[in-house]
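See the structures that follow.
What follows is a pair of complexes built around subunit A, which joins subunit B in one and subunit C in the other.
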Partner chain A sequence: MTIVIPQSFWLYFTFFALLLIDGLWCMLATRNLVRVLIGIEILMKSVTFFLIVAGYLSGRMALAQALVITVIVIEVVVVVVVAGVILGFFRKRDSLDVRNTRDMKG
Partner chain B sequence: MSDLLLLVPFVAVVLLNLLPKRARAAALWVAFGVLALEVAAAFVDRFACVNYGWLASLDRVLGIHLATDGLSELLMLCAGIVGMAALLVARKTLDETNEQFYFANLVLVALVGINGIAMVRDLFSLYVFVEVTAVATFILITASRKAEGLEDHAFEGAWKYILLSIIASVLMLTSIGFFLLSTGDITLDAAKGALASQQPLAWVAMALFLCGLFIKGALVPFHGWLADAYTAAPAPVSVFMAGVVTKASGIFALLRIASSTLDGAAPGREILLVVGAVTIVVGAFLALTQKNMKRMLAYSSVSQMGYIVLALGGDLRLGIVAAGLHFFNHAISKSQLFTNAAAIERELGTLDMDEMGGIGSRMPVTAGTTAVASLSIAGLPPLAGFWSKLLIVLALWNAKEYGFAAVAILASLVTLAYFLSLQRRVFFGKREERWAKVRETAPGLLVPAVFLALITIALGIGFPFALKILLGGGA
Partner chain C sequence: MIWLTLLLVLLVLAALWASMTTALLRATLGLALTSALLSVVMFALGATLAAVVELSVCAGLISVVLVSVTSLTQPRSLKEAVEARKNRLHRFWPLPLVLLGAGVALSFVRVPVDIILRLPAGDGDVRTVLWSMRQLDLFGQILILLAGVFGVLVLFRKEAK
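Moving on, here comes the complex of A and B:
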């Protein structure tokens, strides 16, 4: 099955790319671990959006719906675990600074 | 029936948490039993063809298609053996019952993910199970408390793993989106069709997915997280991670994708060859410069993963068998080396190889088993590692990739060099005064090491027999 990609795809794609770059920028530009977590969230939102677009343009909305719901569930689990890891770090070091995580070398 | 492999560990986790608190000490043994079942399941031939009543309907409810074949049995076998070794190490190195309880639970959760990876037939479920394994591992790395006074890098190691895992997830999901756009489906068969018909979008998608898996498998240039994560993790966790987690979520997924979609697809093969060769060389030279024992073993892992990927770039039929065999050998030997590292850390309180020396006469069993595993990974006959490396070189030779075959052989020498350096710095040489009272470690840590070393030796000697099974079932 071959799918003809309509022009409107590039509109969606641009939005996806902007959201993706936004998330990456959020992860890279900050020194606060919680902000990095927010960047991770934005990144995941951008790919979720892309999956919806892909399902819509290929006419497989039902499949895309199943995928997106699963991705949302996984995302919640990941965010909870990562937040827990950050909390553990905060309790130990009393700081949320990314620069405290650069001790290992070699 | 194959659904049972997902249900049994999951039900075990639920039941363990329903137990009263004082029964928690049994958790390790429950997990041990589940893993023993896993090993037994790997030996039941044609597991997938059997359908057991109502469980078959789970296929439709979950909407994922599962099936086992020779490759899945290989991964299940590795996961079972390495998991049992990790649990035995945990019994001796994690002091509190609670920590052992959490470790057993998380190993079972990771096992759900690993079994899923072994059996999936579409890209999205593959992503889901890779993520399940990864999340369990995030917690495993950070969960254990270190003794007072020791430097604690657990957060840092876990954080690097988390960040790169998220990037890998984003790459894989984007790739799934592109596959959906180009074929309207996400099964491996659909992906194979799209790649064969030379759709450019499908190639973009495949490249993204491969990049995601390269991050998960820590192949150069995405290897940065691995050494930190392995070094920072508690001893039993590094045994488990090095043995199965990284391999299942990165390398096994690559094996699966290469064997079911990259049939005669030239650009894909070239990517695998180049990445594999670069990984072998960079990993080996990084290992050569390390002072920390676990860190050296971690970079050695990176280098050996390169061999597996390189084999996939060779003649496909032989390459899959060679890669599968090296996968198994390396899982066994590397988890054994990490077990030995755990024994040394427990007895000496350090992993800095410059501080050690001459403890071979005090810890003869540890020294002997370390030598077996190192020589096997370096590829010395008649140990198991020799045969898998030979097959890898043959697979490359058959595909007329003589240059890459030469890289594989020459890098073996570097492998031998860093393992000999490890052996000399840790076990041989002059013994310092402070190690004069060191004793051989507890039997609980020797049992897994000796058992894994025996597997390496037995597979090396009985290799022709094993190859027959592999060629029949694996390819």
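Moving on, here comes the complex of A and C:
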């Protein structure tokens, strides 16, 4: 089966790119660890949106939804684990500043 | 199509608010709003099951986790808050301009060739795909959920005396 992507693809692609830029900027420009997590979440939203658009345009919505549900499960686990790491860091250093992670022993 | 475009504009604006607002609780609310709008977009595109999961899990559960993390940390002093606000403005003011510029540029850019996907024919119900065709994914999801359980244990761990 061959599918030619319609012009509306570029509309969806534009909004996907904007969400991607927003998430990346949020991750890179902030110094707060919780806000880094929010940036990761925005990036995940853009990927989720693009998966759904891919399913919609190719007519494979069932497969796209199955993949999106997988992504959402992974997203939740990532958020919970990173939240735990952030809280652990806060208890050790009494700070949420990213710059304070540089001198950790690792 | 117009209302879908409007929804997508609102989606980007909510994400922009989530990344630019100073207070973490407001940022969490912005993220929940982004998830809710994304689930409406998904519903409009026909992904109803994924929309329900997105709304309940991402707009609900993740917001609760982020609010819990924020409430378990200490607030800034007034001096720190003023300093952080000034620094944030300095680092984040170009973001709306970058997004506007990228949006205008991407709305004019068109790759002259059509993108062609070659896919096998046929697509079943989402439940059939999820439970019958993606069993390895399900196994992976169970393992990842177990990792999440350990994450929750870490989240509420007490320091050993």
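Going forward, the second predicted complex is superposed on the first by the 102 of 106 C-alpha atoms of A that agree within 3 Å, B and C clash if a C-alpha of one lies under 4 Å from a C-alpha of the other, contacts with A are read in each partner's own complex, and residues count from 1 in each chain.
Quick note on the criterion: a residue touches a chain if its C-beta (ideal position, glycine included) is under 8 Å from a C-beta of that chain, and two chains touch if they have at least 3 such contacts.
Everything numeric here is computed off the predicted structure, so don't read it as measured data.
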> In this superposed model, does subunit C or subunit B come into contact with more residues of subunit A?
Replying inline: C
>> If we overlay the two complexes on their shared chain A, which of subunit B and subunit C does A:Thr14 touch? Say first, second, both or neither.
In response: second
> Regarding the shared-chain residue A:Gly88, is it in contact with subunit B (first), subunit C (second), both, or neither?
Replying inline: both
>> Under the stated touch criterion, which partner chain does A:Ala64 make contact with: subunit B (first), subunit C (second), both, or neither?
In response: both
>> Going by the contact rule set out at the top, does A:Thr101 touch subunit B (first), subunit C (second), both, or neither?
In response: first
> Counting only touches as set out at the top, which of subunit B and subunit C does A:Val53 meet: first, second, both, neither?
Replying inline: both
>> Per the definitions at the top, what is the overlap between the subunit A residues touching subunit B and those touching subunit C?
In response: 1-3, 5, 9, 48, 53, 55, 58-60, 63-64, 66-67, 70, 74, 77, 81, 84-85, 88
>> Considering only the defined contacts, which subunit C positions touch subunit A in the complex?
In response: 1, 5, 8-9, 11-12, 15-16, 18-19, 24, 27-28, 31, 34-35, 38, 41-42, 45-47, 49-50, 53-54, 57-58, 61-62, 65-66, 68-70, 72-74, 87-88, 91-92, 95, 98-99, 102-103, 106-107, 109-110, 114-121, 123-126, 128-130, 133-134, 137, 140-141, 144-145, 147-148, 150-152, 154-155, 157, 159
> What residues of subunit A sit close enough to touch subunit B in their complex?
Replying inline: 1-3, 5, 9, 20, 27, 33, 36, 40, 43-44, 46-48, 50-51, 53-55, 57-60, 63-64, 66-67, 70-71, 74, 77-78, 81-82, 84-85, 88-89, 92, 101-104, 106
>> Residue numbers of subunit A touching subunit C in their complex, please.
In response: 1-5, 8-15, 17-19, 21-23, 25-26, 29-32, 34-35, 37-39, 41-42, 45, 48-49, 52-53, 55-56, 58-70, 72-77, 79-81, 83-88, 90-91, 94, 96
> Considering the complex alone, what residue numbers of subunit B touch subunit A?
Replying inline: 63, 124, 128, 131, 135, 138-139, 142, 151-153, 155-160, 162-163, 166, 169-170, 173-174, 176-178, 180-186, 199, 201, 227-228, 231-232, 289-292, 295
